[in-house]
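Structures follow.
The following pair of complexes shares a single chain, chain A, combined with chain B in the former and chain C in the latter.
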Partner chain A sequence: MLRMWRIGLLSGLALVAAPAHAFIAYVSNEKSNTVSVIDTESWTVTKTIKVGQRPRGIDFTRDGKFVMVAVGDDDTIQMIDARTQAVVDSLPSGPDPELFAQDAAGKLLYVANENDNTVTVIDLERRTRLGDIQVGVEPEGMTISPDGKTLINTSETTNMAHFIDTASRQIVANVLVDARPRFAEFKHDASEVWVSSEIGGTVSIIDPGKHEVIGKVNFEIPGLRKEAIQPVGIGMTRDDKTAFVALGPANRIAIVDVASRKVTKYLLVGQRVWHMAFTPDEKYLLTTNGVSNDVSVIDVAAQKVIKTIQVGELPWGIAIAP
Partner chain B sequence: MVRSLLMAALAFAVSTAAARAADPRYPNWPCAQAKVPEISLAAVWSGPSLDDAETKWKDDAKVTALVSKLSARKTPMDEAEKSVKEFLAGSAADKTANAKLLFAGLFDTLNAQRSQVMNGLERVSSKQRQAAEKIREETIQLQALQGAASRDDSKVEALSNELIWKTRIFEDRNKVVRFVCEVPTAIDQRLFALGRVIQQEME
Partner chain C sequence: MIRWLLGLIGLGLAATQALAADPVMIGVGYLGVAGTRSTLSLVEQPAENDGFAGARLAIEDNNTTGKFLNQRFTLDERRIKEGEDVVQAATALAEKNGFIIADLPADALLKVADALRDRGTLLFNAGAIDERLREADCRSNVIHTAPTRAMLADALGQYLVWKKWSRWLLVVGSHDEDKLFADALKRAATRFGAKIVQERSFEDKGGARRTDSGVTLIQRQMPVFTQQAPAYDVLVAADESEVFGAYLPYRTWDPRPVAGSAGLVPRSWDPAQDQWGAIQMQNRFVKLNARRMTALDMQAWTAVRMIGEATSRTNSGDVKKVADFIKGPDFSVAAFKGTRLTLRDWNLQLRQPILLVDGRMVVSVSPQEGFLHQVSELDTLGYDRPESKCKLK
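Let's turn to the complex of A and B:
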């Protein structure tokens, strides 16, 4: 009896010490045309939602009520109600939307339309199209500055990061990076933009004020061919101290010390690791692995892979409820 | 009809060339995913060093037979995984050695298979480029014939027919290329999945 009490007390204490926050992650599966819903307490897929064709870019609305997913081959962005986990509406993008970025307030959505050289601007409250920005080149990666004033669009055809002023909707600067830039990420303090280059095998660090490349992150993995190192997704901790870079068919995530711009560790995850998302408490980082069709769970503090979860075919993007 | 088909073919030929900035290292690589010429061991294996298993697997009849069965794409993955487990379960004291031999064999064989497919893709892609160039030239010739003051209708028709034919072949081959582009990825997938089972069985 006394023993039972003690166990009860201990487990009660453990609960207080480490409150178990369950979050919900949504993963877009490009090939199976579904979104997998993952519970971060049990680390299992709790639901698979049928969506439009070729789902890629995925994110929550800022209020956490909806998940938006770009379904490129259906030329639209679908909205999933996070409560019912069903598709309830769609947003008017241009043709072949690949991914999108929203401003800090969650009022404006900028959509990269892969096929017609435009970025569509959508009013998220009214769910209407406000207009298009002609970027002149095929838009690929996209991110918005923390103050919402600058939109950055990377292009595979020009190998540049194009800086767009969101007020005038004009390109104000072009910065040359390495071959096939795929993704851009601002530091939370807005002092740097990191741009990954899939073929160049590097991450270029740009000073967003001067529009100049001020540094590069290089990757080298013993025993691995250089061509296998294809940086794509980037995630940065809120304190801007540590960055995580997905290296595609190197099947690894690089952990980068932001200050020194040096890799401190490589973690073996799944095949062709593409994008990633942190849980809101930043305890875990989830990565999508496109060829092994799974999601890896990284313990951020321990810098270790603790779990692999099978999802649909060709998992591409991931978003976690705020 | 001829005209629209030709325009479509041209647009297609041009767009496939320009849609993605080609990797300067591999100008004939036709697939969306960037080319990785061969799989590195470190990308698929985190188990113990393979040492001499890399050459010795060929001397083991049981291993070579299993490798060729597991490497065949017609062998379903669940059946392949089951065979790996059975083979290692029956290995007793030689389990680690056998696991290394098996993976070394799979690594060699699947990598070679993959290289063959990739070389084929690049060969076809280079031929397609030449075909696109030819179609472009003949389209200009056709336009010249059509616009000539004394237009020779039989010549115009002959050249249009030839162009339609060439364009169809071009488009069909492009479809095949897109389909075959998935094969190297399927091989990567098989090798990684089998490697994972082998490593799990070793633990």
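Let's turn to the complex of A and C:
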């Protein structure tokens, strides 16, 4: 069954007549040094896994067998066995890893190391370090193009999206965006890259061919100061029609119409919302709310928050089993 | 498709040309005073390179960004000694540098600002907290990254009122700057509804800050000095001159917390600040300078980063262009304080949250929740536009 799901995901096909399915979500708790495991049928925390210090970026390996979690203060990425739900290994990242991206085959992992202005390349099979790429000050956001040829890294103090050719591991272009870019996301059709700027308060939309900012998403919430609107995580539906943007201390998720680049709705979630993940059937979107120590569950079709789940302290990243 | 391809080739050519050309050089001068002042606590004794070290880190940060834009930043450091002509030193720096970071006393800064005015040099006041530099004596060629006394006092006042410690025993030193800080604290008390139950002054009778049996003496003096006070919640000390403030915590007659110049202190930055991504910069700073980052280092770092931010946004090293952009409505800078920092256009003061620190931890960050403002909550700290006496010229 898992295998079938994966094939569906990889080929980018819409899934038809998917059966009601329970999924498992993994949430990194930055302050507790734990990962909370959530069952999406009962919407309860079924297990809390002890990990290294300051867990943030989290994702599954492509085969669904492991959860990788960047534990920044231990300067490594830990591997959690998804079957036993225990830490079984670690990867040789550079200092202070935060976010990472992997290629479509799940062979190479690219890690942003905030402390030394580099992106580290790791061979996932051998679990060895292949090399480093020099980027701007405080690398953070990471995404890879659907064809795997271009890696995008954002640097928080340089305020750029660096376009890196994955074959030569050289930077081919640098695109200036608004202040403190934190997260990058490709449209599934590869036509645009969306980059959130936490301090700038915008999402820049970049044409990955021309390496130019071709548009911006702006946010305005009545009664809220502009400074409180700090975009971080971005999630895009598989049909590329709707994007969800976490607005940090604005405590809201913005729903954006991708075609017009306009916000259609704001959903109130928990405090300081960081990141998000869809269930594989895209029925639900789960967001991590740092300050209120919980996860909000959004019904994607109804565009409503239906549930709040208490997790560990300062929940940051989230990944859902494929 | 063909147009797209042509565009791509064109872009490639432009990029190649840009890389082949000489980098745009952006010279930043730093003008400080030689020697350091003496503090009561040995731990707080400023390093010889206090401030300079922050500027050096920002130059590195700017150059990391600059290598992608073909811009190169240099830092030209100059310390003036007692009796040296500050205008002469500043003019010499301005020969090669369009931007100067200044850590100077107020009068010296004004002399430099007026002397360099026609030259178009843009000055950043990273050191002086005097209100008058942003009020009656404001200058259109001076940007202030240092907070003001009123901003610091308001930040502390908001927290004390939030904590419901609203009865203050104010102890003021005998030097001019102590009195100025006391005035700012009194203004904060009035603004936020605290009451100064009594004001006492502590006379500076001279004497050494380092002695072999100081503790014994201080332990006898401070309780006596603070006894028979009316009922109060917190002792607020105004002692910028470092004469008595640090002697007060744990030695007051009544068991009360101390704030102001000792105890809970308002500052633009602190070595303990690790929120909002600050840890990365703190690590970079320690790696480069082998010590922790002070408020003055941060004020200098912010000034140099403002220059870097503006040169990358305008893709130019032209001083006028960069200065106009910094003073314009689209400018903001990220400085690890959880919010974007912008300039008050009426006096060129950088809006910024203020940390409240106890020497080991960041206790709180002001503005406090509930202190509202129609433009920016950061404008609840210090003099606001309607109160300002500044006429920029």
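The rule is short, and it goes like this: the second predicted complex is superposed on the first by the 302 of 322 C-alpha atoms of A that agree within 3 Å, B and C clash if a C-alpha of one lies under 4 Å from a C-alpha of the other, contacts with A are read in each partner's own complex, and residues count from 1 in each chain.
We adopt the following convention: a contact is a pair of C-beta atoms (placed from the backbone, for glycine too) under 8 Å apart; a residue touches a chain by one contact, two chains touch by 3 or more.
Being a predicted model, the structure only gives us computed values, none of them experimental.
Based on the superposed arrangement around chain A, label chain B with chain C as either clash or fit.
Partners clash after overlay.
Pick one for A:190: touches chain B only (first), chain C only (second), both, or neither.
neither
Does chain B (first) or chain C (second) touch A:174, or do both, or does neither?
Once the two structures are laid over each other on A, A:174 reaches chain C alone.
Figure out whether A:210 sits in contact with chain B (first) or chain C (second), or with both, or with neither.
second
Who does A:159 touch here: chain B (first), chain C (second), both, or neither?
In the superposition, A:159 contacts both chain B and chain C.
With both complexes overlaid on chain A, does A:224 touch chain B (first), chain C (second), both or neither?
first
Between chain B (first) and chain C (second), which, if any, makes contact with A:138: first, second, both or neither?
The answer is both, since A:138 touches chain B and chain C.
Quick check for you: in the superposed arrangement, does A:321 touch first (chain B), second (chain C), both or neither?
After superposing on A, A:321 lies clear of both chain B and chain C.
So, does A:45 touch the first partner chain B, the second partner chain C, both, or neither?
It touches nothing on chain B or chain C.
Would you sort A:117 into first (chain B), second (chain C), both or neither based on which partner it touches?
In the superposed model, A:117 contacts chain C only, not chain B.
Kindly list the residues of chain A that each of chain B and chain C touches, one partner per complex.
138, 156-159, 179-180, 198-199, 225, 227, 249
Residues of chain A touching chain B in their complex?
Counting only chain A, the residues touching chain B are 138, 156-159, 179-180, 198-199, 221-225, 227-228, 230, 248-251, 268, 270-272, 291-292.
So in the complex, which bits of chain C are touching chain A?
4, 7-8, 11, 15, 61, 64-65, 68-69, 277, 280-281, 283-284, 305, 309, 312-313, 332-334, 338-340, 376-378
Give every residue of chain A touching chain C within the complex, in rising order.
Spelled out, the residues of chain A in touch with chain C are 96, 114-115, 117, 136-138, 155-160, 162, 171, 173-174, 176, 179-180, 198-201, 209-211, 225, 227, 249.
Contact residues on chain B for chain A in the complex?
Checking each residue of chain B against chain A gives 18-21, 23-25, 33-44, 46, 185, 188-189, 192-193.
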